[in-house]
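Below is one structure, written out as structure tokens, with a few remarks after it.
For clarity, chains are labelled A, B, C, D and E in written order, and residue numbers in each chain start from 1.
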């Protein structure tokens, strides 16, 4: 089993994480620059032709990599923008991406906690009550087919009218998106225990609550963490979606929006990059907890 | 804004609270209100103002229906549509005298005069902002379903990119905002043909102040609104005189930190032109302009925005009470 | 370890067998049948079973692979519902008996929780029954020692050999000292000496506590050594071929295996088995 | 016959509340006595559902079980709708905020032609194509990554980062790159559905029994054989999880993407336009279409899953 | 104890035993040790094992539960890597032997795939080795019949009794007719008669095909009946206590069990086991 997944173990370099990562990153960067040139030059040539300007390739290249509002900004443009808005700006400033990440992060986390909690509670209900399963489950699914952006403004309006403003409405949208993968995963996970193990507990006439604590919950762990990873990514999406209608109140979503509104591609991309980094840090965090729980459950490697 | 208003509330206990819902994000389009807030004009009128910025999917009528605002900034077509849907919105003051919306086209696409848009692809804003365009097309008898001899309509996003990327021959622009972006993007005015809806005779009343009928039945509220209108108009007049400083004030209130001063100054100056030219000054709704708007709205051949002539959709009471 | 097998001080006479209270029936089964519905047609796992097991009895099921021993044990344990017939366990339905935590069950496979250590696996029933922490520890220590796993408290199941896992599952079933023990080939994966040792321990527990034991085994000597009654089953459909009552005294030693009665009973069982044997 | 009585009682209480809704619009909520009927109705409906469930579990005929199985969620939905209608009409909620279910249904029926065009544009093109490509690529990448520690180490972090990019951010970019038509929406769907598939498939591929792997190793299996014989079957429940979650995510993604520029057809276009026109009934009719499409595709996947994973403990134990 | 590594060198008693080709070593193990690292400290599973098994030999491992029999078998099968020492299988490393599909392995647990029927489980190795469909069907039919499961082709593993599952897994290992058979307590869950039957079948296959068999069992009579050599192991750390060479002829019958040689070997094994027995 170990050897099956180690066909490349001969070459130690190939097995080193930094080397692999570096190689992939370099490849991606090169691809990116090529793509940026390809996309931007198209735009530029159209512009040149419209104005009947003469141009040569070197002009095209330097223009393509230094447009103010490029179709695809280059990594160095984004990097510079990130540097400016992260390191050269005070964290408390509204122009700092750290400040906006903080706003988004807080509603993401709140929404994730609420969503994970709701998801687990629903799953427990569904697993234990046939009536709930039959009546609720189809509607849990249907709830997700309602496009969130359509009801997000309503949620915000209604909560706003009830004087809930700030992160709560956004967190509720995050919750709405993140509870679903948890429910689906946990319903499956809580039903995953081995038949034999379920029977063993039946011979002890263990109460449903004991069966849950001693058997269902531990066997649902792989499912729980797989769904939590999706849920936290969904929660971030929810927070950002929630920031669109309330577009002027800060957060990465409003940076994206205003970037889009004013055609500031570099601003969009740097907000995107920060959102992506935030997302993967959050997913990695869930992964870290997964590892720890696994270790406690005796699952290594 | 949240913390600002909370702070204000704790400082002046006695002041009357009032909430204004804007139609869009914080920008110089709404400079008058922010100036009034910043310069203390509202405070002078003993008002504790809260200004809620909007966004792409915030429909101010919904906000006021849900009780989240006392007064909203809205365009006349949307307000009248809501009225017909059972939310009795009433115009209590008109801020913009002229429409700032226009269709900006590429000369290189062969568009010089209105009829040239036939068989072209046009970017149009929806979300209630499409009525002037539809009215214009129906006036020229051009189909909008992409058929032969008609135009292909795209729902334009929040920017003017389609004209640069060759996805559209014309895009919708506001004179105070997107038009500037088109120029920023490297197009010269000489390369462009611009159709202003105002000039095409299909303009509708844009930014105005609306509240609901039941609020107008409450005399204390009427009094508050009158004071609000007075202070707002004072703010707008200040903007017209000091567009640069107004832009700076707006920037202060922008929570996204994305707006640039240059851009906001340009917007403030353009907006200042739109509020000009009203016979009785800023804040007065010209009934003739109202009638024209209604007429255009009811003229859409296939699906008119409103089906019956509205009544009681505006009042001059507040304007008169405000002593402007 | 010394294998001087005599765990009982004195090997006594037959008189001790059949104590008065044993008139009470622990398990009564009447005309019980069970059919499994499968994708491939019905399987007659049990057919017209009649059986009574007295309190304090030690009854072994023996029979060819697939003849329904496990199924019958599962019916007693309320893990399967019979298709027809009646069954009473301790005077009540199997379900009530299960809810009253009357019995301990040793499954044919070890069925340990992979995320718990051996000791912690043993504690599962004790935790469920709400024993105090000290008692839990005490019982776990006692029974893990009994099965010879005293040094493996903190290992995880997959770090143990097959036989060790099976012993852990025996310790778990013994740990809460149930009235009725249902054991499905508990010693199948053990070497002869360990098996002898555990046979004696089981006899000792049975003898001292007056438990009722229902026991599935494939080993004829084991069945004869342990049981008061040997139920020989035969397959397709699973039914009882013969019930053999043991003439041995209740107190038994390994040395009994050399006795002529023992050999005679062994022979009787072997014949009953061979009589109707088919492989399936 | 106890449960039949209870089911009937539940129905009677529902009908009673319906009667109230239709005849005493707007006023009944001011009368406390009638107001108490609402909880009575809820309790009655709940008991009905419980009894129906028991009935469904014990009924012998497959057809009857199916029928009752549909009845329970239908009843649940019906209760919700009644409550909704009660609230909207009872508290005179403005139509621009929340229309009554009856209005929505009427709009749905009268505008079925527009709605079906939108459905074709958004669902048949963007969602379906994007979902298939997204799930397939997530699956393939998971296979590649699972088999190669090198790819795993190099790509997983990068893949993680890329898939944490929120849709709302990529939608405008996709419109920029792939144009206004459905292709850009499909691209958004691809990106959205990729990650859940990747994560779930990876978890599934690793959920195999190590003993089974040992068995295959004694046959000197190639990697693809290990996949086929052990890892894929063991991963099936996880993969279906992702397929189902994605079927709903895809719809959301496509609709959201349409907010950022489309031709003037499509469910997202319809929603944002009609919100602006204050036609909330049309908005909700579109949502109804989305819900129907989502539920049906989810149901179809669930059916396929139960056919393919009959052996899994989670199915056998029932 | 003398670790007479070479168990076959001076085999001379029986003419039929030790055919000319048997000089070739199938498995050679020298000074092999294996330590498992666990959360709870290292476990010495195997310590200084020396062993040689000739081609065509039938070698049984016997020893107390947890003494390392399974581990040693897994080392031969390249499922575990030894910590130190050398091992050659068919003249190559265990890995190459595995990659050459030299052996068939019967695991201690049945390890059937729950998503496949019994017949389809049996076909897994055949499909992997790329046999034609007819051949697959033919082999499956043959070996399922041999283990008495001819009526259970279309059942799923969880619809079978424990013993039936084990037989299915034996059929699966036999189906592709490997040169070397590694069997870990294959008959542990079977009744005596079925076991006898399968013992004979195995002997027949061994005898006819000249396969090498390495066999783990807990039953002393079984070990003696089947093996040319019996390796007695002892635990903590796992090592070889004694290697006993069988004086029985290669052709054996169940009746041999009554012979005095047989009883003598049994006694020898029993003593070797008891000598160093500890339960763990």
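The rule is short, and it goes like this: a residue touches a chain if its C-beta (ideal position, glycine included) is under 8 Å from a C-beta of that chain, and two chains touch if they have at least 3 such contacts.
Heads up on the chains, UniProt names are A, D = NitT/TauT family transport system permease protein; C, E = NitT/TauT family transport system ATP-binding protein.
Because the structure is a prediction, the values reported are computed rather than measured.
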Between subunit A and subunit B, which partner chains are common?
D
Greatest separation from subunit E - chain, by CA centre:
B
Between subunit B and subunit D, what distance separates the C-alpha centroids? Give it in angstrom.
38
Averaging only over C-alpha atoms, locate the centres of subunit A and subunit C and give their separation in whole Å.
54
Rounded Å distance between subunit D and subunit E, as computed from the means of their C-alpha atoms:
53
Show the residues in subunit D shared as contacts by 2 or more other chains, in ascending order.
97, 172, 176, 210, 214, 217, 259-260, 272, 275, 312, 316
Specify, in ascending order, the residues of subunit A that touch 2 or more different other chains.
3, 71, 149, 153-154, 157-158, 194-195, 244, 260, 298
What are the residues of subunit C that contact at least two other chains?
109, 156, 158
For subunit D, which residues count as touching subunit E in their complex?
209, 211-212, 214-221, 225, 229-230, 233, 309, 311-312, 316
With touch defined as at the start, can you tell me which subunit A residues reach subunit B in the complex?
43, 46-47, 50-51, 68-69, 71, 93-96, 99-100, 149, 152-154, 156-158, 160-161, 165-166, 244-250, 254-255, 257-264, 267
Give every residue of subunit B touching subunit A within the complex, in rising order.
1-2, 25-26, 52-59, 62-63, 66-68, 106, 108, 157-161, 164-166, 181, 184-188, 191, 254-259, 263
List of subunit D residues in touch with subunit B within their complex:
94-97, 172, 175-176, 179-180, 258-264, 269, 272-273, 275-280
Please output the residues of subunit C touching subunit E within their complex, sorted ascending.
1, 3, 36, 38-40, 43, 62-66, 69-71, 108-109, 147-149, 151-152, 154-156, 159-164, 167, 185, 188-195, 197, 218-220, 270, 273-274, 277-280
